[in-house]
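What follows is a set of structures to go through.
Two complexes follow with chain A in common, the first pairing it with chain B and the second with chain C.
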Partner chain A sequence: MMLARVALAFFSIGRDVEGAESLARLMEVGHAMAVETGLANGTAQASVWQPVMALSGLGGGAPPAVDALGALALPVIAPEGRGGVQARVRAARDHANAVRDLLPTDLWESLNEIHLEIADWSEERLDQAGVYAFCRSVRRAANLVHGVADQMMCHDEGWQFLRLGRSLERAAGQTRLLDATVRAGLAARSATGPEAEVRALRALLSSAGAYYDFMRKVSVSIEPDAVAHYLVMEARSPRSIRCALNEVHDSLAALAAAGAIPAGSAALGAARAACGDLDAAGDVAADARLRALLETVLARCDGIGAAIDTDCFARSPDGLRGALHAQAEHQTQN
Partner chain B sequence: MPRLSIRHRTELHYAGPATESVNEVRLVPRDSGRVIVHHADVTVLPAARTSSHMDAFGNVVRWFQVVDPHERLVVDAEAIVTASAPGRLVHSLTPSEQWAALAHPAFLDGLAEYLAPSVYVHPAPEVAALARELDVPEGGGVETWLLDLAQGVSDTVAYEKGATAVDTPVEVVARLRRGVCQDLAHLTIALCRMRGVPARYVSGWLYGPAIEGPAESHAWIEAHVPGAGWLEIDPTHPGRLDGHHVRVAVGRDYADVPPLRGSYRGAPPAGMTVSVEIEELPAAA
Partner chain C sequence: MEGNALFAEYRIDGHFDEMFTSAGRPRPAYRDLYAGLAATDAATFASRCRMAERSYMTQGITFSSAGREQPFPFDLIPRLIPRDDWRLLEKGLVQRVKALDLFLADVYGPRRAIRDGVVPNRLVATCPGYQREMVGVEPAGGRWIHIAGIDLVRDRGGVWRVLEDNVRTPSGLSYVLQNRAFMKRVLPEAFAHHGVEPVDHAPLLLLDALRAAAPPDRRDAPTVAVLTPGPYNAAYSEHAFLAREMGVPLVQGHDLSVRDGRVWIETTAGRRPVDVIYRRVDDAFLDPVTFRSDSLLGVAGLMQVYREGGVGLANAVGTGVADDKAVYVYVPDIIRYFLEEEPIIPQVPTYLLERPEDLEMVLDNLHRLVVKAVDGAGGYGMLIGPHATEAERAAFASRIRENPRGYIAQETVDLSRAPVFLDGGIRARHVDLRPFVLYGDTPAVVPGGLTRVALREGSLVVNSSQGGGSKDTWVLS
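This part shows the complex of A and B:
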């Protein structure tokens, strides 16, 4: 039986690397949008950066008064808290350090290298080298870690927890991204004209990491309904919500089969229900029904996360949440 | 050379059930030229298997975990050792050559970890001010400077239990001018490193018929004298060490060598008691 803290470390590695990568993608696309629309240098705050901040979780509460550079610098430089790119990469590395003896050397070295690489970016370097270089660096690093994990780790419980963290983060992140875009008026076929609509759809696909795949596999003509359907339902695309939820379900099922989580786990039940919600939705279009579906999926993701926390990471004999404490850290020497 | 029987007991209580307790114990003395270890062991209650490894500083580390719920954890470390006074250093460099050697790149590289800031020891204006105030003369070479420095720290910082905590920063100790052996050790290490002398923290036990009260978990330091080696000095009891210091572990500071370190899930800590009993055994036949 795997210790809860070990399971949590594997889960967190997958979750935080995925989170850093998706935030970098948001930054990159947001920057491109601000430049393309001529809204850079301050005026892009409301239309570009505030949504980025909200999606990243860094803009909670009152919208921060930031211009383009400020919005970019904050996620990069914010080393404290969970939101920033650097903070998430560092968290992933810290979790890897906690289970270092259980990781393949290749994976530990990859995580350590990306931590050193990302930590080396400062506001000044970002200003000089540009946003794209930073975001490309993060994306390549995240792909390296995911690839090494899949190819070098034994596909046992530890790997299943890592995969679970990655896919749950991706399912929730892609759902929030699509939900924000739909809320922003995509479905209303905005009055800003077809060019702006196409630009917004392209930004959505790029933020989701699905732009080239969509163009090649679906259509060179970007239509809102096709984009929404692709991002939600295309099970063959690893960037879709469907695929991510399938991964969540499969990893939980594998963990249940291995006895790592209870067979009647609420997390597995919630994952099964989320997949069922998508099955029942049928064809998806960028309309009001989509918003309802996305809200349901987000609630399911939250439920899965809470159930995993109880089933896997917070076991305690009385069923209450067990906090982690330092042991005997204040043993004075006289 | 007294033969000592040592028992170091750490007892922890929790406000409710604790689980998944994972711990490292650094209470197994190292066999060295000065300390001969006849027997050393760590036992845990609730019973747990311990495994042993060496850390980056060469310390013996016992690792154990208690997964099942428990409300009390007892860690007993026992050792029988023979301790003797450190031998005198043999100097191959003149005093001026010793000071010059501190700046040699190979010397700096080889002992970099004992010159760099660490968790509890870092440069601070208060420490620099104390160094200026002590103004220890350097003419006699590094060893003499170290012995004078330890005496200066001992004279300046009053030994007072309760004035500081285990994590009190070194600049606060320099300002308060009060503390216990940990504080004096950290402050002396900071002063050494500030002058470019590599220094490290020693965790161990102190026993002596002349020392009042119960035996103690104690801390002192080692500083490196170019061309001669490591010199043990105790700023709490300045002067040359006798055979009553039993060296257990070394590190950059206390953060590297806590007697017990770990984490657990469950209820918060409700208390900890530490007792050290040292008994002098009859000389072996």
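This part shows the complex of A and C:
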């Protein structure tokens, strides 16, 4: 049993760290493509920057008209962007701060240190050190947090909520990424030729963090159907939608078994249904049916999120937060 | 000072110095530490200081000031207290807290001390911390003060004096532990040749004191929780630290509810009862039904359960009477009345401004006195006459005339000074000491306490919110 507020904090830590890491990886790949092919190149824009902007909540259209590569990345990094990397790391740290009494010291300190490190990136530092250095910091930091959480936290409800947040974010994020890129890639396939397609697919796999695994386990050549199938269905790859949904399901099942969520939870039902959707899909190819499947999976993820929110989490009403903070600040600690 | 580059800029300047009797002559307790420092070069010491500072930030050991999280500056040179000095202080602290606890029971109970003229009724009734809702209430276990932070200073003659009592929500205990942990990590060699009384059992002493506040039928295995105003409070990191060290939940007001004469924690799987709440929320915000109706930090109905003995609160509601700075004047008499003992630790000469003769004298001498709001905290609402401008003194005089009961004045104590590493060298800065008394069935004093340092040259204000820092405090064994 745990506090509803605490459950939300653990869930949010997992979700925001994963979100920051995904964005950083996307940005890194997009930046690398843009360096090579130029900002005006249609493949870089359509295959990477559009998903980056869409996933960060900063808009799904074309990247801003800028002439510097670093400046291109700024909207994603900047703390002002609600969905930006710095904002998500800060959110994760704030959630950790709210439950720091329950976190292993190593996990709290890792998150706090990461927040301090990532918040220190300014436009000037980005110019000097480059986008790659920033993205590497974020990726390393996120992997450290996930690793410390898995190795140092008791695998009780708190950890299950953290795992749930991470897995749900990953399932939804990978689905959106695949949806946006495959849609763009499919449209551009005939126009840009096979080499551009390979570059786009490689970028997609790299953005999803699955390129090397794919090459080792699946194919020596990259082709759309195999990539789509791998990213959706490969249960052994932690970067696949299937694996993420399995994790979501297992977390929810463990929480239900522990009595932390209702046995008949709608979230658990939605997770089962999402896994069932994938089972029913069989072989996946990069065609119109894939898009329909991805839309279904996204809807399931949204449903799981909404149900868990209703079942488990407590939030202060938005309108009262300012007053609550003001009162908290003025409590005497003599 | 000769022979030690780190101390090249060190000046005693006629103040009482914690480390030295005179230039270059350390007190006996400090001899080994001084010798160790003499063997350390400034660059090494500076690097250790930076390590400590980084650790504070990384670990999120901060306080909030003006909405920003800041590390609490930590100085690596410990303050040393010889064992015999400490034993006497310990007795004096226990004596003081026991007397204040009895006083509170009396104020909200039979009022014998008031009837017998020890403390004026008018003074008690006008205390901002007095809570009428507590009249006739006997907290579970009969204890009012479970944790007290008593501020001590040493004057120019080296005499220890009580400067203030803090018995509402005293803060700083976590820094005592964290400072010690940092010292052991960052400057372990400083411990060589010293036997130092450990402090890491303090959270367990606190937990024992809190358990003593449980309703009698649940004393065996009470559930304790720490009630915090949340991350926006200046002392949030302390709340989280103590909850964690004690292994108890850290809760906010909206995590709790009242039902069937008990307080419950709302969990993902239903309600769980709470027996004792270590609350770091002001009285006025504890229960919107009884106190401020706009409180978002408290628990509706909590006071009803508390009055009926269904839950323990630490410290008890209404303890502000005992740390009112006007009541402070009467504490020596309170000790004599309740314990029939002479006070062991003297106080700072203090004037009550509602006494006409004191008022006139104080207004004529603001340039040499310290004036404090009776319910002030954190170093705010005070005037340090010798350091104030004419305009600041005039403004304070006007406030005092409007509300004499709201202020007291004290002789300015020339706080003792201790060595602090600043700007590449060791310099003397004023310090105070806040020891903590934890009072369950019997009182216990955490060895040493929190030495606070006024980092600005010449400043007497040691509060963290106003540029103060802290030191580890060693009671030598």
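The definition used in the following text is that the second predicted complex is superposed on the first by the 277 of 334 C-alpha atoms of A that agree within 3 Å, B and C clash if a C-alpha of one lies under 4 Å from a C-alpha of the other, contacts with A are read in each partner's own complex, and residues count from 1 in each chain.
Keep in mind that, in the parts below, contacts are C-beta pairs under 8 Å (C-beta built on N, C-alpha and C of every residue); 3 or more make two chains touch, one makes a residue touch a chain.
As the structure is a computational prediction, the values presented were derived from the model and not from experiment.
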{"item": "First (chain B), second (chain C), both or neither touched by A:3", "value": "both"}
{"item": "Per-residue contact with chain A, leading partner among chain C and chain B", "value": "C"}
{"item": "Which of chain B and chain C A:225 touches, first, second, both or neither", "value": "neither"}
{"item": "Partner chain(s) touched by A:325 [first = chain B, second = chain C, both, neither]", "value": "both"}
{"item": "Partner chain(s) touched by A:334 [first = chain B, second = chain C, both, neither]", "value": "both"}
{"item": "First, second, both or neither for A:108, with chain B first and chain C second", "value": "second"}
{"item": "Touching partner for A:116 - first (chain B), second (chain C), both, neither", "value": "second"}
{"item": "Shared chain A contacts, counted only where both chain B and chain C touch the same residue", "value": "3-5, 314, 316, 323-325, 327-329, 331-334"}
{"item": "List of chain B residues in touch with chain A within their complex", "value": "10, 12, 16-23, 65, 67, 69, 161, 165-167, 180-182, 203, 216-219, 254, 258-266, 268-269, 272, 274"}
{"item": "Residues on chain A engaged by chain B in the complex (per definition of touch)", "value": "3-5, 314-318, 322-334"}
{"item": "Chain A residues within the chain C interface of the complex", "value": "1-5, 7, 94, 97-102, 105, 108-109, 112-113, 116, 157, 255, 258-261, 312, 314, 316, 320, 323-325, 327-329, 331-334"}
{"item": "Residues on chain C engaged by chain A in the complex (per definition of touch)", "value": "57-60, 64, 67, 149, 166, 168-171, 226, 229-241, 243-244, 249-252, 254-255, 265-270, 272, 280-282, 285, 294-297, 323, 377-378"}
